[in-house]
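What follows is a pair of complexes built around chain A, which joins chain B in one and chain C in the other.
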Partner chain A sequence: MSAPTPPTVSLSAPIFAKLTPHPFLLRTLRPSEPGAKPLRTNGRTPAETRPLRANPSSLSHAHGSALVRAGDTTVVCGVRGELLPVDRIPQFRPLPPRSATAAAATGDDGPQTIPDAAAAAGGAAIGRGELKDYDLLVPNIELATGSAPQFLPGVPPTTLAQTLSTRVCSLLHSTRMVDVEDLRVWYKPGGAGGGDSSGDGDVTMTTEGAHDAEGQEEEPERVVAYWVLYIDLLFVSFDGNPFDAAWAAVVAALRDTQLPAARWDPDREILVCSPADKRRLNIRGLPVACSAAVFLEKELSESGADAAEGRHWLLMDPDRSEETLCREVVTVVVDCSDGETRIKSIEKHGGTVIGRELMRGFVGVAEKRWREVKEVLKA
Partner chain B sequence: MTVSSAPEVAFGVLPRADGSARYSHAGYTVLASVNGPIEAQRRDEHAYEAHVDVIVRPAAGVGGTRERHLEAILQSSLSQLILIKNFPRCLIQIVLQVESSPENDYVNTKLVQASLNFALMPTLMQTAILALLSAGVPMRATATATAIAVSHDKTVVDPSPRDVETARSVHVLAFTSQDDLLLAESEGDFTVKEWDDIYEAAKKICCRPAPDGASMQLDDDDSSPAAVGPDLRQFLRSTMESKVAADLHWK
Partner chain C sequence: MTDRRRINGPPGETIPPFFDDADRAPETAKGRFRPSNAIRKMFLKTGVTPSASGSAYLEISTSAKPGASGLKLSCSVHGPRSLPRSAPFSPHLVLTTHVKYAPFATRQRRGYLRDSSERDLSVHLETALRGAIIADRWPKSGVDIIVSILEGDQERETSRSQGDEVWEMMNALSGCITVAAAALADAGIDCVDTVAGGVAALVQDTDGDESQPSIVLDPVPSEHAKILAACCVAYLPTRDEVTNLWFRGDVPASDMELYNSLVEKGIQASRNANRVLVGCLTESVGEGDTS
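After this line comes the complex of A and B, so read on.
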């Protein structure tokens, strides 16, 4: 008499994945057949990212916009400029006239000049203070209801949304992507046609006006207003790795942004914009974010120090189901546009797997990602 | 003005909390209370592990997005250290109140600031660890954290707000007591090589090997600790030793 065979329960792959996601992902990453490639449940290899697609100028009413898709994560970014007159800014500190600033970018001893940074980035050092002090960049992230099941309707912004907007804001300031000179609106009393707002690439007429004013030695040129850039991001569909997509959308939208030329009308005492005359922002560099999550073979044990025992996989560009299974995440923002790889930000928390060696290797992966994203955003 | 005071800690400052600590270092003073394991709310309840709830309250005003971000970072780091699997369906609540932060005339101190406060993060981390130790919450390891700012050619350990403002890059690194990198947050402009140097410097501060009793004095004389920053692990160990000694004094 043969031994009774144990009853077997065969489940389809989606049910298996739903019931026990961790063993399911482990099983696909560690295939039992020899020679099979380790794959994730979404069919990608651990180091494979989802192709990024960007569609700039997708919104007609924003000054700049972009729609970025990475797999099923879709984010729309709109940049809208609003004029902020300086008399509405509390504790506004007037700037020295533009000609003086340009002439003595490094030797200037203005109150906001930062010696170290001035040497590094010229006159932009002053700008960093203005951007921060007057809140000229206002990013906001909304995770739309229904973009993923965990986002419920009618709740205040989730921790994720708040964290994301802090990270975007922090990175916008630390990378100094936006040149504050683009956001200043100058006015030169007595100059022909008033002060033109454009920082560089001035039309001939304005240059002549500047010469006239220098000869007359009248009232100095002054800033009358700033453009405030409201950078709004909306996640239409959310499938993991929100920061990479959000940041790519911000970069694409800012590169797409065209602000109308604004000038001060002294007779009517209002700011006047000419929509026909638009100019692009000077965006410095091309920082690209690259994220990965660490999937552990064993979940954290109850006690003892064997937390990092067992194998682990670095899953690039994790999707939503993978993010729920991984605790440790790493995000590196790199910029290789100067030829040399400069790291703009490193964020790693939630685990102890990624040490020094892995981090070095990951920067190499991020460089590869940078080239991919550069191709997409240039198109 | 540079504030480079030695770290100080007082345990059990809040009588009704399960554990509390007031820690001050580099001009920042943070008060932490830990309650737990306590019953979790239904929405926070997890069937297999404890929920770690971190609340950061700024020195003035109510918390904004920046505090939420700090909370998220601390929460994911502390969940790694606390043995959360031992307390299913429970809540361990850590409240961190910033009591004072270094004043600075140069840096604009707006109440609501969106970007991350790097200089504060190590103090928050350290206070949370000390309060968890004071509450007797079982942990896998302890951790030590430090902040380093890199200006043009010099590195500043425990930077002041002014240092952070002028720095080219700012870094926060935390290591567990097993010398693993627990947390790494960096911002600014730097290369892999620079990050490596920072890693080395931070590891020296956070993970200095415990000196043997006899050679301790000699070591201090040799390596001039003022140059490399405080020895945080030694500080953690010695304060806990003195606390345990005081607690067991009645025996």
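After this line comes the complex of A and C, so read on.
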């Protein structure tokens, strides 16, 4: 009499992945066969990112737009400019005329200054950060489009959506991507007089230094309005790593943005845009965000104070199922467009695994990612 | 009251760019490039949101620029799922529809809170789909249907577009119905038939009174001098049933013939859209078999 064999239940891999996601991912990362490569459940190696695809100018009503896909995460970004007259700004401080600031900016900088510093000095010479003070950049991220089952409309924005919007906003300000000069609308009284009413004769925000040579005007030129850039991001599909995709979409859309030339019409006292004359924004640099999640050998529930013990894996570009298994997430924003790598921002939260050494290595990974994204966005 | 959970921008109100139209030639109606009984080209694809139970994407080409697309809709279906504990017992599937314009979808920037026209579209969409779903197969459960209008069906020029919004809403509704039906089928929710939307309109092509109004399918407001009346129909072709009818405009009440023929043309437009819908669904089923 042979002992009754225990009933064997064979379950397919997707069912295991659903029932016990942590051991399943651990098992694929630590394969039992000696020669096998460690893989994630989605078939990528731990350091492999999803290919990014970008499709700029996909919308016709926005001034600039981009659709960015990374795997199953799809974001649409639309940038739309609207005008803010200075009399609607509560605490507006008038700027000195443009020629003076230009001289100040070029005067006190040496020839070897990088563009960043020159612009910063230009801003410092007048002593104000207009972009931030007047709220000229308005990014908002909408997740509640049915992009994933946990984001349903009809409720206020989730914590994740609010966090993402704030992160994008602060990064936009800290990277100084947008030049505030592009957003100013200048007006020189008297300069547009006479019968010359064509677009070139008027002082617009686009004519650079054409009128400052004479210096015999009785009234200096002044800023009459600012463009406010509404940057709206809509997630069509959400599969993890929302910040990288959203940031790439913001960068791609801003690089695509063309604002019409605006001028002040003193007779009608309105701001008039000309449909033909469009100008691209000067976007400084190409910051690229790169995120990774730390997957611990021990499950989140059982990991107590000694969470740093045991093995861990750095999973690049985590998808939705991996994000639920990892607590520690690191995001590095790098910009290598000056030839050398500049770290624009480092964010890390949720754990203690990543130390100084790992972070240094991760910046190298981010550089690689930067080159990939550059290829995609330049195309 | 401001929305404190979003980034609201400057406290002073911003104004959208105003274009000087004086130096531009006054635009006239562009005229229709396709026969009066043909609808515009459509692109429909299912499965754009893998994490949803079902999803679909619809693009309708615009007539103004060849290759450019007018209406872009993305729809995702979540469910059927169990109702929350607090919800009262329901013997049927509880259908929830959301239609939302993206902030960059139209000429004027839209806010993030739904306005009345979006709520109106949601109600119409719910009525249209309710007639198609076999709701008593899922008691005590609910399904959410979310349509995001990524790009509205509007011309970019603002010169002659006053009062066109309601006709554009009809076009948007017919697109919403078609894309939602595709997403429902993708989610595998039992329906009696595939429902599709169609629009027909009574238009006048020149401004003078001498021209006789004619009925066209799938009207584009910029192509015609004036739209007198329009009707949006949600239609089930194999059962020959209309699940939703939205009629709007100025037709003499005595002329029942005109009213009937307008609905008839709307049904014809819906049949055309249905052909695209069925083609897309069979294609996606065929892909599933081979892979």
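Methods note: the second predicted complex is superposed on the first by the 316 of 379 C-alpha atoms of A that agree within 3 Å, B and C clash if a C-alpha of one lies under 4 Å from a C-alpha of the other, contacts with A are read in each partner's own complex, and residues count from 1 in each chain.
Keep this in mind: a contact is a pair of C-beta atoms (placed from the backbone, for glycine too) under 8 Å apart; a residue touches a chain by one contact, two chains touch by 3 or more.
All of these numbers come straight from a predicted model, not from anything done at the bench.
In the superposition on chain A, A:S345 makes contact with chain B only, not with chain C.
Of the two partner chains placed by superposition, only chain B is touched by A:M359; chain C is not.
Within the superposed three-chain model, A:D179 lies out of touch with both chain B and chain C [touch as defined at top]. By the touch criterion defined above, A:S147 lies against chain C but remains apart from chain B after alignment on the C-alpha atoms of chain A. In the superposition on chain A, A:Y230 contacts chain C only, with no contact to chain B. Of the two partner chains, chain C is the only one touched by A:H61; chain B is not.
Of the two partner chains, both chain B and chain C are touched by A:C169.
When the two complexes are overlaid on their common chain A, residue A:D256 makes contact with neither chain B nor chain C. Shared interface residues of chain A (contacting chain B in one complex, chain C in the other): 135, 139, 162, 165-166, 169.
Of all the residues in chain A, the ones that touch chain B in their complex are 114-117, 119-120, 129, 132-133, 135, 139, 159, 162-163, 165-167, 169-171, 173-175, 300-305, 307-308, 327, 340-352, 354-356, 359-360, 363. Within the complex formed with chain A, the residues of chain B that make contact are 65-66, 68-69, 71-73, 76-77, 79-80, 83-86, 108, 110, 113-116, 138, 140-141, 151-152, 165-168, 171, 176, 178, 180-192, 195-196, 199. The residues of chain C lying in touch with chain A in their complex are 5-20, 24, 48-52, 55, 68, 72, 74-78, 96, 98, 100, 102-107, 109, 112, 144, 146, 148, 150-152, 154, 156.
Against chain C, in their complex, chain A makes its touches with residues 59-62, 65, 72, 74, 76, 78-85, 88-90, 134-136, 138-140, 142, 145-149, 152-154, 156-157, 162, 165-166, 169, 228, 230, 232, 234, 236-239, 260, 262, 270-275, 320.
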